[in-house]
Structures are given as structure tokens and as C-alpha cells.
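Structures given as C-alpha cells follow.
Note that chain A is present in both complexes that follow, paired respectively with chain B and with chain C.
Up next, the complex of A and B:
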């Protein structure tokens, strides 16, 4: 049994990847779309895990960066007619640059002040998308671009592989000096600075990585839906992403992936409740958070797994959902 | 020639250092020289500006006047991490370790971030260069933990450590930065006599490694045993300096601590 656990610990990401890859064989077209969105959200949430979970810099502008990725990809393809792969690369680069600029307010602002700044950024992007009609199509949205692969299943497979690579990278960052520097910023910025951590640089790297993954996720989102409009990138979306990070344990790569997929799918499972499903959805989340707030000081999928005595490949310090 | 040697032996040279918080002059025209290999103590009544001096040296506060030279180079105006990279490490009066990280990770933080070493691409791709860098850092950190007697606790979460061990860990973390000068802000505060004894031994051992030390302390027996040289601060100004035996007889010092009439008491 112990052996199984160690094996599971080591290969948990591969197991998740395998399950995700064979899942489309058993799902309907619609369920497949939900899983696709779950995987795409997970990529975004891993970026937020670095920014919010590790570095402790709260952002509610994540949907705006997702939009930047999506729209850059869409506009480059529709208006300039470049190849999807080049478009994807440029979209990720541009999103990373814009996201890195968001690091500058974080040098002087923290806590609620930083949150408000990111909310402001989110609104600016949404309103720009709505009003730059010649470029973005305004409220009508943007469509008619090519996908990375013509076959949607290939896009999905590529996305799952990307997610796994991103997850491995995020896990490595967590255990590295960079990860430690980011965690030290969350816990005690002054002590970090005194110990020789270049805090500004670390913050910029954190924002850049998070934006890069948002751009990547945005490109995939464009591929999944084939259509984009400003409605998909409201601040409510940002809140949902925040929820996914928090439910994921703020510290665990696997927790973040599971929580992204579960929260994406939860409203669909509750569809039989028709109009009251949003109420139940919120209630389920509240009860979940409440129970684990009390029990493990931090609500999380990682915490639940710890309760169930499963080690889900958390970082080496063996830290589950706890917070000191 | 002798004077030249004297100059070279000075690690930290503070001249005319002044810091004002609004109308309050926290540090006033302070001159301090710390010589190579010495343990110096900074003492004074509460609110005399001792911790402020450390904060000014490490760049947490900008200074209002004067200059701070470290190994012959000015360091005022540098951000704290640059000061650390140049070789000044410090600990805090109220311990500031990362509670939810392990002892090992806390010590590893002393390796800093951003001063070379394997970058983000090496980290993500787990290149040989990253692994070599990490292995070297791990060896260094383990050596320091061994030195500080924390080897058995290296996997423990820092918040689970007893208070005395947390202090030692904070000092160990400072040592990982490979300092030439170590600033200790009330290292003995809140420790019991056994822990203080261990701490004094550790500080002597650190000093034997050739690291100069400037410490703030209230416990006189601690200073009497350890310090080669003592600076006394009152209201942000230096009122005396010398060896402990000389300082403790100084009437100005006694008055600063015990108030007017203190002389009779002492």
C-alpha cells in the first residue's frame, strides 16, 4: 500500500494526464467541451498559483490577461492573416509583456490596494475590447480565425500535454530558490529583502510567469470556442479563477488542476436544478470552504486529500493545506 | 603606515549619520567604526535609536545625512538586498523567519535571489547547471546548519521550533549569505539562561570564522563576556565608547540608564 502511495506521489501528474486524454472517449460532445474548458482553465490557474499562491499578490485582473491572449491571437489571425502558430507565440509574448507591467504597481502597493489596481486593469481591458470596434469587433465579438489544429481532438491533446509540462514547470519553480523567494515575499517581504532576495525582480518574474500562462490559456480558449466577445472576460470570471486557486490549496499544483476542472464542471452537474442551480453552486462552495477553513486552516483540495490520507504530490516539504 | 593599516582593518565606518522622522531626530551625527574581527555592542536605553541604526545600515530606511562605508565603499542608498550581497547580514529583534517553510528552506533563503546562479529557464528545464547550482547551495546550507547544530531539525517546519532554536535558525540563515559583518538585534531577548549560553558559544564560534559582529543587547553580562568594544547611544547620539569595563564606570552612561541621581545608586 505504501509503495502504491509513493508511486502515486511520483506519477500523479501522468495519471491525471492519462485520465484527461482518455476522457473524451467516454463523453458526449457537450461534456467534452466542459472538460476542454476545465483543462484550459487549469493552465490559467497554475499561473495564478504562482502569483497568488506562492507570491501572495492578489490579482482580480486575471480575466483581462486571458482576454489579451485570446484577442491578440484572434486579431493577429483575422486582421493580418498570419499563421496560427506564429499568432499564438506573439499572443503569449505580448500578454507576458503587458502582465509584467502590472508588476510595477506591486512595488509600492500591497493587499487591498493592489487588488483594486488589478480590478481597474481588468475593467480597462474589457472596455477597450468593447469600444475598439474596428479591431476587436466590439460587442459583436471576433470570429473567423484558424485553429492550431483543424481537428479539435488534436487541439485538446496538445492542450493536455501543455498542461502537464506547465504543471511540471510550476512544481519545479515551487521547489527552487525562485519559488522560495516568492514564498518569502508572501510571508515577510522585509526579511526576504534583507536576506538578499531582489524582491522587485522576483515580483516581476511572478507577474510575467502568471501572464505568460494566461496568454497561453487565452490562445487555447480562442481555439476551443472559435469565437470571442468581451462578455467572456468580465470581473466575475476573474473571481472564479481566484476561487479555483483558493480551493486548490494555494500551494499545490495538483490541487490547482483538480479544483480548476471540478469548479468548471460543477455548474454543469447541477444543471438538473435548473434556475436554482447557481444558488446551490454557491452554497456547495461556501460549505466546502467553511468546513475546511475550520479543519485545516486553509480550504483546499490538497487539504481534503490530506484528510483522506492521500499524498497528492505536494511540494517536498510535505506541506498540505496548512498555513503557518 | 600604521594609520594605513588601521584604515584597512575597519569593516564598517559610519560618519555623521543622521536620521529624522518628521521632527524627531532618531539618530544624530553618529560616528561608529567596527574593526575587522571584533565583536562590537551597541547599547542604550529604550528608544535611543539602536535598531534604527541597523535599519539605516541595511538600507531599510533612507538616511538624512552622513555616510556609511563598508570595506571602504559607500553603501548608503543601496537597496537592502544589495547591502546583503556586499556582505552585511542581520537578524531581527522579533524573529522574522518563514513559519510555514522548513528549517532547510529558511536557511536556503539566505542564498538570496537575483544575484546570478541558475535562472528561471534553467529552473523550469531542470538543466545540469540548475542541478549543480542547487547541489552546491544545498551543501553550503547543510554545512551551516551543522555548524549551528540544526541538522536534525532541517526538515521541521520553522514555526514548530522552540523559540531559542528559531533565533539560532535566524542567525544560521544570516550566515548562509556569507557575511563579512553580522548585525544581531537583541539576540538574547526572550531566551532562558541555558539558551543564552548556547547562543554565546555560537556567536564566539562565528567570530572565530573571521566574521565581525555588531550586536544590540540589553543583558550586561552578555556584553561583558562577548564584546570587545561598546558604543553607548542615548537620544540618537553616541555618549560614550570603549571597552565594557570602562563603559560601565562612565557617569554619563549610568545617568542615561538610571537617570539623574543614578550615580549615587551605582
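Up next, the complex of A and C:
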């Protein structure tokens, strides 16, 4: 049964990858850009899935790590003039290091304390981006760097392949020793420690992986837009990423990818919502949380609930309940 | 820097700090009663400010009735919110992380609701306290600074009296201490938690009304204040009444003085630096609240 499931999941990922790869043939230039952003967001959201979904550590500073990746890439290329590939590598490494530093508060803090710390981190990065004008260009933004590939289609193809690799990796982590350690921390940290899980190490790895993917996503973002400004990395962005993780089911790689692409693309289909996009999203999320969590024992909602099953705090349904 | 200027900075910081202290107090009250950290507190403040803008600025209702209408409307909203949304989740023992996400979603919802209804342009209404600068000796003060301190002092004394000396207040504190026991004593937990939400949103509304002479109203205003209020409540000690007040005032004064002496652009970083120091070396805050069990 489990083998069939894993096979099915690999198959689903390949289908998604195939659709994404042929999609540019049918879309206009602008729609293509939206799909590109969707794929780029999906990479970021997979990182958050490891952090929020697997290990249960909420972060509202994810846009700041994305900004770190983007800006490091841009600054290295513009100010130091190094090659794009080296710049991308360094950007990812630096973002990973900074993200790993965020793990240290998590050793002692939990719940709202940790979230406030990440909010603070997000604000600090945003203020630094705005004020270190000689380095980041301040409110005017930063531009004039080279892309990884000259052809934007190649960048896109590379991005889709990366997304698939990351997705397979994230999925494998889910049932690996590390993934199980992270999930046990989410359920009960003390119990996990007693069972021999190295909680500090697991938390650090979780933060590092999440930051690495944020850095990767940031490099791609820089490639897609060709321009970056502090406005693209506000706390509203962090909230949107959180929303993508939650709507994706918080435990499912495929769900996370689909929800990030759909939520990125949705405003294009719902033009009349242009100014109130987040209003609708948050309302949907509020209703979803309320309906799903309060009445989950009733059979009427079970059908809907099963598809978007969240495993957190729901010990009885166990690991089989989710998609992971 | 002369002593007079320093004193003036401290007074201005005090007014700003009180604006931070009120949402911080709201967060603290709700945390105590239900173990829920309300990320929407700052946006409730924005909503209060905008309701006041409509009631006082547009409909031209005199200040005191308009103030009361705003606070009452926000209080009702808080009561309904708890009864309809948050209490059922608490009662079902939903994972705190999910409720936390709920409050974040709620914060985004209010912010965008304000944006859709009132628009993004910064708005303001006539300063009800007068905009004539007062001179006391060497001090130059705006009258609203004194009014904010006075109004909030009176309101907080009333709140303290309510929580300490009335039957309902004592029942609310009983729920905050131990829900099962208070339930067995015949207290309706759902109503008491809803009342806590009512108090908390009303306090946010007061803060939203009082802020308008200091800052123009924008939909994202609450987010900026919430960040400081959250820092204040953790510095002061989550769950402690005086902790929230002292924390808020300390943050307000510290950032005003830092902005004047060093660099206004980096004052938020300064506040977060202090917060991180507190979280690392004294996680319970100034008034060490017993939060370790709840975390």
C-alpha cells in the first residue's frame, strides 16, 4: 500500500513538472511571468513546509530570508562583478548561514515568543534594506545584474527542474529519520528528547534547510524580476507564504506546490479582486480553520477535510492520514 | 542636551509608550484568560481609529460620545469574535499553533478590510485636544501628550478596580487561573473569555482613538504598532498587567530617546535588539510572569 502511494506521489510530481514545462507554450508573456512567480514561490513554500509543517515552528519572517537571498545575489553581482553562478551559490550559502542563526532563539523559545522573534528579524532586514543605501539602493531598489541564463525560458526550465528535485527531497525527508525527528518535536519536544532525538540539531537542520530553499527562491526571484526593492519583502509577503503552507495542508509536498501556484495565479483570474486579494484569502483561511478544526469529528465535513488533512495535534489519525 | 530637552523627550516617549502599552495590555489579558497570543491586536487598533474617523471626523458627532460609540462598537466586535470564532476553537482543544495562524489571518483580514473601505491614503481628523503648543517653563508640549497620559491613567484605574473588586472581574481572573475549577464554581467560561476579548478590543480602540494626533491613520499603521506592542509585552512580561504597561512605556521612551540621540531610521532595530537580549537572558520579562509552563 505504502509503495503504491509513494509511486503515485512520484507520478503526480512528474505530471506537475510536465504541465509546468509545457505551460509556457500556451501562455502570453504576462501569464508566463505569473507561472514563473508561482514556481519560485513554491520553492520558498517547500522550505516553509519543512519548518512549519514538519517541525511545527511558526515563522513570520520568511520574506526576510527571501530578501536576503535576492539581495545577496544582486549585491554580489552588481558591486563585486562576480559571475552569476558563483553569485547564486554564495547567496544561497549566506542565506543558509543567516537562517541557521535564527535556530538559536528556538532552542529556548516556543510558540508566540518564537514567532515574535521572527517578526522582529523580518523588520530588521526590511529596515536595513531601506537604510543601507550604498549597498542595497534603499527605496530606489537594485537592478542591473546578469541572469543565470540569458534566455528567460531556460531560467524557467531550470527552475522547474530545481522545484522537482526539491520536492522529491522534501518528500523523502518527510519519512526519513530526520523528518520523523522533526515531527516528534512538533508533537512533544520533551518526549522527543527523551526518545533520543537531538532536538537542537534537528531544529538547526530544519531552519537551515528552510533558509537554503528561501535563498534559492530569492536567487530565482532576482532572475525573474531583474529588479528588487524592499517593498517586495514586507510582512504581508510572509503572511502570504504562511497562507500558502496552511492551504496546502501543512504536511503535503504536492499540496504545497499546488497551493502556492494557485494562490499566486488566482488574482489574475479574479481581476475584480485586485485590491482586496488578501482580504479574500484571509477570509477563506479563517473559515477553513474554523470549519475544519471545530467540526472535524462530524462526517459531513470529512470528505473535504480528508483532502486537506492537517496532522498537527491530531495524533490518532497518525502518519497515514496525511499525504506524506 | 539640556535636562529640559531630555524631560521633553521622556514625556513624548511616554505618550507614544502608552499607545504601545494599551495593545500590549490587550495581548496580555487575552493570553492570561485563554492562552492565545493575539496577533491581530494592532489591526484592531487601526480599526478603532478608522471607526473614530468616520464617527467623529465624518459624521461630526462630538468627541466624547464618538469616543464611547467607537469603544462600544469595538467591544461588541471582540465579544462576538470570541463567541463565534475563538472560543469554539479553544473548547475543541485545537492546537495553539492553528489558533495562532487564525489570529494572523484575522490580522490580515482587518488590515485589508480597512484598506478596501477607507483606502490607502493617510487620513486624519482635527485634533480634539487642540494643536496649540503649550509652554511650561522651558518645556514645549503638545496638549495631547498630557491628555493621553491623563485619559489612560483614569481608564486603567477603572479597569484595575473592575478586575480586582467586582464580581465579574474576579470571575474573569478565576477563569484565567484555572478554567476547570472556575467552571465547577459555576462561572461561564465562554462568557468570561468573551468579556476578556471585549475588554481587549475596547482597549485597542481607545489606543486607536488616542493615536490620531500623533500619527495619521493608514491601514498598515496597526502592523507597525503591533510589532512594538509585542516587543513591549515580552519585555514587560507576558500575562502581567503592570508588565505590559511598564514594557510599553519603556519601549516608547527608549525609542524616542534613541531616535533623538542616535538615528531615527534604526530605532526599530534598537528595540528588537533589546527584545532579543531580554528573550535570551530573561525570557519571562521584567515582571517575571509564570509563562514557562504555558509555553
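To be clear about the criterion, the second predicted complex is superposed on the first by the 261 of 324 C-alpha atoms of A that agree within 3 Å, B and C clash if a C-alpha of one lies under 4 Å from a C-alpha of the other, contacts with A are read in each partner's own complex, and residues count from 1 in each chain.
By definition in this document, a contact is a pair of C-beta atoms (placed from the backbone, for glycine too) under 8 Å apart; a residue touches a chain by one contact, two chains touch by 3 or more.
None of these values were measured; they are calculated from a predicted model.
Engineer: Return first, second, both or neither, reflecting whether A:112 touches chain B, chain C, both chains, or no partner chain.
Structural biologist: second
Engineer: Please indicate which partner A:184 is in contact with in the superposed arrangement: first for chain B, second for chain C, both, or neither.
Structural biologist: Once the two structures are laid over each other on A, A:184 reaches chain B alone.
Engineer: Of the two partner chains, chain B (first) and chain C (second), which one does A:4 touch, if any: first, second, both, or neither?
Structural biologist: In the superposed model, A:4 contacts neither chain B nor chain C.
Engineer: In this superposed model, does chain C or chain B come into contact with more residues of chain A?
Structural biologist: Touched residues of chain A are more numerous for C.
Engineer: Considering only the touch criterion stated at the top, classify A:150 as touching first (chain B), second (chain C), both, or neither.
Structural biologist: Neither partner.
Engineer: After the superposition on A, what does A:198 contact: first (chain B), second (chain C), both or neither?
Structural biologist: The first partner, chain B, only.
Engineer: If we overlay the two complexes on their shared chain A, which of chain B and chain C does A:22 touch? Say first, second, both or neither.
Structural biologist: A:22: touches no partner chain.
Engineer: For chain A, what residues appear in both contact lists, the one with chain B and the one with chain C?
Structural biologist: none
Engineer: Which bits of chain C are touching chain A when the two form their complex?
Structural biologist: Chain C reaches chain A through residues 31, 37, 39, 85, 88-89, 92, 94-98, 100-102, 104-106, 108-109, 111-113, 115-116, 223, 227, 230-231, 234, 238, 265-266, 268-269, 272, 275-276, 279-280, 283, 295.
Engineer: Which stretch or stretches of chain A touch chain C in the complex?
Structural biologist: Going by the criterion above, the answer is residues 56, 58, 60, 105, 108-113, 115-117, 119-121, 123-124, 127-128, 130-131, 235-236, 239, 242-243, 246, 275-276, 278-279, 281-283, 285-286, 289-290, 293-294, 310, 312-313.
Engineer: Along chain A, where are the residues that touch chain B in the complex?
Structural biologist: Counting only chain A, the residues touching chain B are 169, 172-173, 176-178, 180-181, 183-184, 187-188, 190-199, 201-202, 205, 209, 317, 319, 322-324.
Engineer: Okay, in this complex, where on chain B does chain A touch?
Structural biologist: Residue positions touching the partner: 58, 60, 79-81, 84-85, 89-90, 92, 96-102, 105, 108-115, 117, 120, 123-124, 126, 130, 134, 137, 155, 157-159, 173-174, 177.
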